[in-house]
Structure formats: C-alpha cells, structure tokens
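These are the structures in question, set out in turn.
You will see chain A twice below: alongside chain B first, and alongside chain C after that.
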Partner chain A sequence: MKTQITSMAANLPLVLAVALFAVFAVGLDNFASPQNTYANLQSFALLGLITLGLSMTMLVGEFDLSVGSMVAVAGLITLKVGGDDLVTGALVAMAFAFVVGTLNALVFVWLRLSSLVVTVGTMIALSGFAYWLAGGKIISTDNFDAGAFWDDAILGIFSARSLLTILAFIVMAGILKFTRLGRDMVATGSSTHAARACGVSIGRVHLFAFVLSSLCAGLAGVLLSISLATASATMGSNLLLQAVSAAIIGGVALAGGIGKPSGVFFGVLILTILNNGLSLLGASSAAILLTNGLLLLVVVVIDGKSGALLQIVRSKGLTRQA
Partner chain B sequence: MKPEIPFAQKHLTGLNKVAIFSAWMMATATLSVTTSFSANAAAKDAKVILLTVSEECEYCSRHLQSFRQKAQEEGISLKVKITNFDPAEQASQVDQAIAERPDAIVLWPADASAIVPSLRKIKSAGIPLVVTNSLPDMKYSKFWDVYTGPNDKASGGSAAKAMEQGFNEKGYGEAGDVFLVVGVPGTPPQIGREEGFKQGLAADAPGIQIKGAQPGNWDQTKASEAASALFTQFGTKVKGVYAQADNMMAGVIVAAQRAGIDPSKLVLVGSNCSIEGVTAIESGTQYATVLQSPVQDGEYAAQAVVDLLNGKKPENVRYLPQQIITKANVSECNAAVGR
Partner chain C sequence: MTSVIGDLIKQSVQGDRIQVNGIKAVSLLLIIWGYFSVENFLTPANLSAIMYSVSAIGIAAVGMAFITLSGNLFMLSMAATAALSTIVFASTLHFGLPVALLSVSVLGILIGSIQGLVVGAARVNPIIATIAVASIVMGIGSYISGGMTVIGKGDASWLGIGKFASLVPNQLVIFLAFAIAANYWVERTRFGRELRLIGLNPITAAYSGIRVPRTLVIAFVVAGFSAALAGGLFASQASQGNLKMAAGLDFDAIAAVLVAGISIRGGQGKIIDAVYGAIFLALIGNLLLVHGLSFEIQLMVKGAVVVLAVIVAALIARGKVR
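Presenting the complex of A and B:
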C-alpha cells in the first residue's frame, strides 16, 4: 500500500503528461504531427531550462525569485556586448549569471537572510539594470544565422535548443543520483540541521543551487535573445510564475527535500502540451490561463492527498509494530 | 523481507522516464515529412490563422472584431491565437501555426523586431503572410507578402500639421512651446510618431518648440502623471501638447485641470480617434486627433488575406488613411468608435 501510494505520487507527472498527450493526439488532427511536436519542444526548451534551475533551489528548501529578471539581463548582455559576435556576448552573459548566482548564495549564507528576501532584492536590482542596459529601446541584431543554428529542426521535431535542454535535465538527474553533492542537496532540503549534523557542507550545497539556478536562467536568456534576434528589459517577465507552476506540477515540494529532474521534465511538458493543445482547440488566452491554474490546484490536491494517505499508512504501520 | 516494489516504480527511474519519452519523440520524428503549402487556395473555406496581441486593449479588440466580421463574410475558416504582447510566446505560437498548415497567416507582431526570425520561418514554410498594424523594418519586407496598417511617421506628421493649424486658430501665431507625452519607449508607434511630429514641425512650423517629452506608456494614469510633471516644469508657457494616443490625452487634460490650466485654451493634439478623444473634441477640451481606425485596420488586413488567397497580388505595403480630425469633421470617427 505504502509503496503503491509512493509510486503514484512519484509517477503522477509522467502519467499526466502521457494522458494529456494521448487525449490531444486522439482528439486533434495536427497535435501529434512532427511540426507540432517541434513547436511543443521549442516551448519546452525555454521554460525547461528556467524550471530546472529554479527547482534545484526549491529542492534545497530555498527559492530564487530573480530568474525572470536574469533572463532579460542575460539576453541584453548577449546582444549589447556581442553585437553580431554572439559567442562573446553569450560568454559574458553567462559569466555575469555566475557572479549573480554566487552573490545570491553568499549574501544568503553569510547574512542568514531568507532566500526570498535576498532574491527579491536581486530581482529588482536586475530589473533596473535591464532597463538601464536597454536604455528605453529594444536591442536587436541582424545575425539570424545563430538563431537558425539553435532553432532549425533536427530529425523533424528537435532543435539544438531543445536537445540542449533535454541534455541539461539528463546531466542534472545524473548529478542528483550518482554524486555526493546530489545526495547532499536532497538531505539539505529535507532537514538542514540533520544534514549539517551528518557533515554536509550546507554552504557549498546552497552555493551550487543558486549558481545553477542563475546559470540556467542566464542560458535561457542567451538562447531566447539569439532565437528572437532581439532583447528587451521585459523579456522573460512572465516566466517565473510558469516555472514555479511547472516545478510544483513536476512534484517538487515547496518545503524542499522532494523533487527529481525527471518529474520537473514532465511538469514542464505537461504545461507545454496543455497550452499547445488548448491553443489548437482555439481556446482563448484567458481560458488557457484558467486551465493552468486549475491544473496546478488539482496536482497540489492529489499530491497532498497521496501524502496524507502515506502518513496514515505510515502511522498505522508504526502502531502495528508497536 | 523486502517489500514488493511495483513494476512501474522499479523500472521507471528518472533517467529511464526521460529516455522513454525521448524515444517516443524520436518515433514521432520518423513521421516527419516535407509538406508543401497551397499558396493559392481560394478564400472561401480557406484556413487562416490570425496571431494577434491582446484582447484587453480596446483598439486590439475592435481590430479583431472587424477582422472576424470580414473573414466571416468571405467564408474564411478563422482561428485566432492571442498573446499578451509577449514576443517569446508569440514565437512559439508561430511554430504552432506553421504546424497547422494553414492557407495563410495574418500576424500582428507583439514586437516588430523580435518577430523577424518568425517571419523568416513562415516564409521558409511557404505560407502566405499578411503583417498587420506594426511594421517591421522594411529591409525585411521580403519575408512577408503584404503589410497593412498605420504609417506612424505620417501620423506624427499629421499631428504636427494639426498643431500648426491649432496655433493659428487659437491666436498663438507661429511660435510657442509644446511638450510630448509618448507611448512605451522603443515601440514602433512611439518612435515613428515622434520622428514624424518633429520632422513636420521642423519643416512647416519651426517656431513651435518641443520643450520636453515624457513616456505615458499608452496608459491614461501614467500619462496624467507625466503631464503633471511637465506642467509643473513649464507652467503657463506651454501652448500645446501632443499625446501619441487619445487615452493618454485624457490623462493630460486631467493634469492640466489640476494645474489650474484651462485645457480648451491649449492646442491639444491626440491620436487614434478613440472614444476619449472623440468625446473631448466634441466638448471642446481637445483640439484635434489623427484618425487611425481599428475597424479599418482589421478590414484592411482581412481584405489583404482575401486578395492573396484569391491569387491577386496586393501591394507590399498598404497604409491606413490618417486624416486630421477636429470638431468640424469629428463624425469621421464614428466607425472607429463603433457609433
């Protein structure tokens, strides 16, 4: 019973993603077509990178609210510094993202402030920096070849951008499963005190999580600006809430200690598939937003119920043993 | 004794799940086929996708209504996708629209610069394309078949003529100070209208000097705040204001009244012929506006797509008429405000 409930909760994102895909594939002519699958994976690529980074801070029991602003700043740096030489721009943007992630972690660890407070400060500062960089304009480039490199279809449904995102998920899953750092992250999110007592370097874990989150958002911003050949101060402003929703739907607990890259992968796919399918059905943007909210509620309730069931089973088991 | 582990949990580790899904995607890839799009389908029963920017702004919603009506009259099967001025989301919608293999796409760019890579994709897919309302840089005009919509520079030029005309009618002669309340900085209408206005004044009324400009971001409240600051700075020296949209001019009028200035004494020139502007012109508080009808904007786009589908070759660029509207001809705005 206990394992069945655990299994149900763990596999909920996968089951939901497959079910949604199946429903839309049966009900809509074009949904499973290679072209539409490409469109789905392109949407997945953008949201996936941000959600992956954000979910790792959630896994260690913290939160990084600055990811949306980082997308805008990284995009602007890529085009402003790089001009037509987007490789240089991208490298500078990623270096900047590394510095911001490190600063987030250092301020959080040294001053022992809430990560929400620290990263809301970073979010506002980055937003101001983005407006200053943009100077009231939209920054653009005529270098469309770079965008074509990242976005042109590979095998009909993938692109270099979506493959890179999938690779990032696989690498992160490997880190969590096979390295001590990964295990330390889960332990820190479950109980910081217990993890510290077991010799886990909490500071190192937080540093890794915040830097990773910032780098993922930075990379998403770099790729988005290259893809659109444009950057602006408002780019990515809608992504934070979507990423939080995808992470929660993907089974990441807000309290920390629970969550896997595979779950997050399917959490992002669920939102992507749902939005794409509803759009193909001709649903209005209001209806799509409403459905996203309802889905989040349903997943939270199912997750909560299965968690509660698990508690009951555990307590019954303990009573029996006693 | 070990508890029995369910099959799914035992075998579906995180990495395996990703691998299974990737394999599924790969299987779908094998179905990939090159599809050619029929460029010359007749308009009746043709499948057209309209990618537009918002349902919430009044202009956008009137544009959509008039497009829908015209499409319905022509028997077009229309699908509408809306984004809230989000260029990243619109890029995804373009990918999706291409996947639906429509007979034509009509696109209102959320951002006239960021849309260019998507225009390239539509062109590569061979789908006829009408760009409406926001004109991307003309150097990319090879990526679309027709642009219909406003000519923002000409609109600014008309506003400059209206300002000059108003100065004469109100007895200020050929010289005086004015200020500008502009839209979201960096957007094509803000840039084009400001450029046209400045060039128009420099050419025909060099005595009228622009003393300041503040963004009102197409928003009445923000415009009111911007105008308050400018009225405080320049006071009664100001003889005229150009607000790049009538709803922003409504904010300017409120700011003038709060500053103790009678708005009817000023030469207030707005733009768009929206209901705020029409009402203020009728009551005499606003001097003029420049017609830009959302109804015509939508109709022009629909007509362009009908022409394309029927095999005609419309002009590459078709601008809306943008005449000066004052109290004498305010009835010209009736269609634009749904009267």
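Presenting the complex of A and C:
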C-alpha cells in the first residue's frame, strides 16, 4: 500500500510535466517547435541549477533563501572582475559563492539558529552587494565567444548550458543514491536527532548542502551573465519564488527528508513549460508573477497537508511494514 | 540614591532586556557622535528628516514584531503590501484623505487575513507563504498600475507634510500612538498573553486551550494593516504611488525587529522594542547619508548590523541556557 502511494507520488511530477506539455503542444501552434523547445531548455538550465541546489538544503530539513540574490552577485562578479576574461571572472564568482555557502552553514550550525533566519540576512547583504557592484547600471562585456560556446544549439534543442544542467541532476542523483554522504543527507532531513544518534556528522551534511546550494546558484548566475553578456542587480529577482515552487511540485518536502533530483527535474520542467506557455498565450509579466505566486501558495498548502499525513503514517508505524 | 542607579543598571543588563537596552545606549551615543562629527546634525531640518524616515518603517516594524513574537519568523510580503497600498492610496485620494486611508486599511486587513488563514489555520511555513503572497500582490499591483506612477488627485498634505503644533510631523505622532497602543494591547490583554505563549511553544499553547488559529490570524491582520498604513504614509508625502516606493520595507522592518533583540524563536521581547530598533536604524541611515555614503553602502551596513544582531542575540540566548 505504502509503496504504491510513494511510487504514485514520485511519478506525479513526470505525469504532470508530460500532460502540461501535451496540452500546450496541442493548443499552441509553435509550442512544440524545436526553437521553442530550445528556449524552454534554456530557461530550464537557469532555474534547474538553482532549484537543484535549493532542494538539497530542503532535503536536509533546512532552507537557503539567498539563492536568488546569489545569482545576481555571481553574474555581476563574473563581468565586473573578468571584463573580457570571463574565465577569471567565473572562477572568482564561484570562489565567492563557495565562501558564502560555507558562511551560511557555519553561522547557523554554530549559533543553532534556523537557517531561514541566517539566510534572510545573507539575502539582504547579497542584494545590497549586488546593487553596489552594479552601481545602478547594467554591466556588460564585449566577449561574445563564451556566450556562443554555452548557448549554440546542439542537436537542435540542447545547448552546452542545458546539457551541463542535466548532467548536474544526474551527478546529484548518483551522490544521493550511491554515497554515504547522500544517505546521510536523507537521514538528517528525516530526523536530525536519530541521524546524530546513528553517528551522522550533521554539521558536515549541512555544510555540504549549503555550499552546494550556493555553488549551484552561483554557477547559474555566471552562465546567465556569460550568455546574456550583461548582468544587473535585479536579474535574480523572482527566481527564488520559482525555485521553491518547482522544488515542492517536484516532490521535495519543506519538512525535509523527502525529495529526489528526478522529481525536482520534472518540477522545474513543469514551471518552465507553464511560464513559457502562458507568455506564448500573451500573458503579461504581471499575470505570470501572479500565477507563480498563486501556484506556490497552493503547493505549500498541499505540502503542509501531506506533511501532516506523513506524520500520521510514521507515528502509526506504517512505514516499517513497507 | 547610588543603589537605586546601581539596581537600574543591573536590571537593564539582565536577561532578555540586555539587547534592547544596549540599542538604546548605542542610539544615544550615535546622537552624541552625530552632534560632534556632523555640522547641523541636531538642526530642525535634519531631525525632521530622521522623523519622517522612521515613521513608516517604524509602523511596519511594529507590525513585523507581532509576527516574530508569535513564533512565525517574518512576513516577507510587507514591501509588496505597502507598494500596492501606495497605488490604492493615490487612486482613492480624490475622495478625500479619510477615504484613502480607509481604503488602504481595508486592503491591508484583507491581505493580512489571507496570510493569517494560510499560516495560522493551515499551518504553512510563514516565510514561503508570505513570499507567495508578496508576488501575488505585486502581480496585482503591476496589473493595476501598468508599472506607472499613479498621481493622486487630492490633498494629502495633512498626513504627508503636516506637523503637530508645527513641530512634530503628524506621521511621527501616528507612529508613536500606534506603537504605544499595540504595545499596551500585547502587554496587558488576553490576546497579548496568548500571542506570547503561542510564540514560546505553539503545541503546548494548543493543548492548553489557547485559541491558536484565531490569535495568529489577528497577528497577521495587524501586520498586514501596518504594512498598508506604512504604504499610505509613503504615498502621502508626494500624493503619488508606484510599486517601487516601498522597496526594502521588509528588510527594514526585519532589521528593526532583530536589532532590538525580539527573539526569532518567538515569545520573547516587547512590541515597543521594535520602535527603538527602528530609531536606531534611522539614526545609522541618517549618519551614513550625511557622511555622503551611497544607498548601496547603507544597504550593506544594514545587512551587516542585522547579521551582527542575530549573532549577539544567539550568543546571549546560549549564555542563558548554560
């Protein structure tokens, strides 16, 4: 019984993504064209990386609110430090993301605070830093070769950027499935106390999740700025909102311990397809923002209800029978 | 006499009052430093500027304090609510100032009660729920205004630039009256005690027969109302409204609550503390401004102050546990 429910829940994102794609493909003329599929995968590449990192912090039962502003800061650093030498810029940006992720984890582990509180602070500080870096301007570069490398179409619908994002999902799925660290992450998210009692180093798990989240958001920002050849302080806005929605739709529980990269993959696809379909239908950016907000509100309410259900299942010992 | 002063000092550094008393002392030092380091710091013009900058943010901080005290961390929809409120204020101003204020109040109560129901009754994570509501509200706002500035066709000068006894801005009078009334409500009534107990431990509170959903809905209604009122104050200054006007209000309100030492774990601290936090931050903002530092530097300093305050508060809490 329990396995049936879980497998249904695990396949729900896939089914929804396919259904949504089918509806738009039938209803809209150009939706399934290679050009639009390429465009969809480009949006997927951006949101996918951010959501993958964020969902790992959710999996261990925490939350990283700073991913949105990290995108802007990483993009700005890439172009500002790098100028035309984008490799140097990208390396500096990634090093910065690494430091921020480490600090996030260290501060909340050391102070035994909710990671929400610490990352609210990081979110504010990073967006201030982004405004300072940008100085009210849009930063640009004359190096278009790198952008061409990352964005040139491969097999008609892919690009190096979207293939890298897909690879990141596969690697993360492998880490969760085959390494001790991955199992420790799931254990920590399910029950921190039980995991600690079993000898899991909670601090190390949290550190890994937050560094990963920061690096993913940083990489997304670096690649976005290279691809656009511009960066601004506001380019990460609304991404946090979409990433949370995509992660929850992808089956990641806010309470921790539940979630798979495969589910997140389809969660991100659902959101990407939905927003693309809406804008092809002529919806304004205001309407899309409103839809995304409503969607998030609906999915968190469902997440809360299913969390309550799960607790009942656990407390009655039903999980052990499965 | 000396023992009285000694007792007073002893009391003020004891327990959970230490941080807010520290903020009061530092604020005093900032005023003294400002007097000696900046020409014209204590002139009526600059004092009036500080009073205007503290009023709207202070009202929002008082509202935020209800959320933090109830153990629900923060409301991240205040800036959005205030932004929509500036537009509603400007669009209804031609019916007169009372109607405009009534309209924004109804708006704030409505937006607050939706979040109260979602968080208080459906027990959804408050941060995620309020982020979702923020984007819905911003979506509605940009749909109504089309991203443009709405010019109010009416007279809002009583609220915008009017002064009580031609000395104190009416905005400041409203802010202080609101803060004192809110503080009395929480310190002296059944609602306030219930709010605090829910913040300390919601599960125990529910088992003890405390009206948890009802109390939380009221707390969110107060916070939504105060955000909308802050928006009304912003809009009245130039009789116009746009979506960018209240940007940063969430952060300012959170910063005021955190630096004043209202515990993010809920239940500890007083509403009036948020007022001292807001005054402290307004002083810092003003001093940075008159020293010629840019808006971006001000943002970064505020972020750093918040992080510092969180660390100090956590260290104080850890010290108490030992």
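We adopt the following convention: the second predicted complex is superposed on the first by the 281 of 322 C-alpha atoms of A that agree within 3 Å, B and C clash if a C-alpha of one lies under 4 Å from a C-alpha of the other, contacts with A are read in each partner's own complex, and residues count from 1 in each chain.
We adopt the following convention: a contact is a pair of C-beta atoms (placed from the backbone, for glycine too) under 8 Å apart; a residue touches a chain by one contact, two chains touch by 3 or more.
Given the structure is predicted, the values throughout are model-derived calculations rather than measurements.
Asker: Which partner, chain B or chain C, touches the larger number of chain A residues?
Answerer: B
Asker: Look at A:L111 in the shared chain and tell me whether it touches chain B only, chain C only, both, or neither; answer first, second, both or neither.
Answerer: A:L111 contacts chain C only, not chain B.
Asker: Which of the two partners, first being chain B and second being chain C, lies in contact with A:V300: first, second, both, or neither?
Answerer: So A:V300 only meets chain C here.
Asker: Contact-wise, after the overlay, does A:W132 reach chain B, chain C, both or neither (first, second, both, neither)?
Answerer: Only chain C is touched by A:W132; chain B is not.
Asker: A:L269 contacts which: chain B (first), chain C (second), both, neither?
Answerer: first
Asker: So in the superposed three-chain picture, is A:S285 touching just chain B, just chain C, both, or none of them (first/second/both/neither)?
Answerer: Both partners, chain B and chain C.
Asker: Between chain B (first) and chain C (second), which does A:Q42 come into contact with in this model arrangement: first, second, both, or neither?
Answerer: After superposing on A, A:Q42 lies in contact with chain B but is clear of chain C.
Asker: Scan A:N238 for contacts with chain B and chain C and give back first, second, both or neither.
Answerer: The answer is both, since A:N238 touches chain B and chain C.
Asker: Examine A:N11 and indicate which partner it touches, taking first as chain B and second as chain C; both and neither are also allowed.
Answerer: Only chain B; A:N11 stays clear of chain C.
Asker: Quick one: is A:T78 in contact with chain B, with chain C, with both, or with neither? Answer first, second, both or neither.
Answerer: Neither partner.
Asker: Across the two complexes, what residues of chain A are contacted by chain B and by chain C?
Answerer: 238, 284-286
Asker: Please give the residue numbers of chain A that touch chain C in the complex, ascending.
Answerer: 63, 65, 107, 111-114, 116-118, 120-122, 124-125, 127-129, 131-132, 135, 238, 240-241, 244, 254, 284-294, 296-297, 300-301, 303-305, 308
Asker: Given the complex with chain A, which residues does chain B contribute to the contact?
Answerer: Interface residues on the chain B side: 3-6, 8-9, 12-15, 17-18, 21-22, 25-26, 28-29, 31-33, 35, 55, 79-84, 86-89, 91-93, 95-96, 98-101, 111, 113-114, 116-117, 120, 185-187, 215.
Asker: List the residues on chain A that touch chain B in their complex, please.
Answerer: 2-4, 6-7, 10-11, 14, 17, 30, 32-39, 41-43, 46, 134, 136-138, 140, 144, 147-148, 151, 153, 155-158, 166, 169-170, 173-174, 177, 224, 227-230, 232, 235-236, 238-239, 260-263, 265-266, 269, 276, 279-280, 282, 284-286
Asker: So in the complex, which bits of chain C are touching chain A?
Answerer: Within the complex, chain C touches chain A at residues 73-74, 118, 122-125, 127-129, 131-140, 142-143, 251, 254-255, 264, 294-297, 299-300, 302-304, 306-307, 310-311, 314-315, 318.
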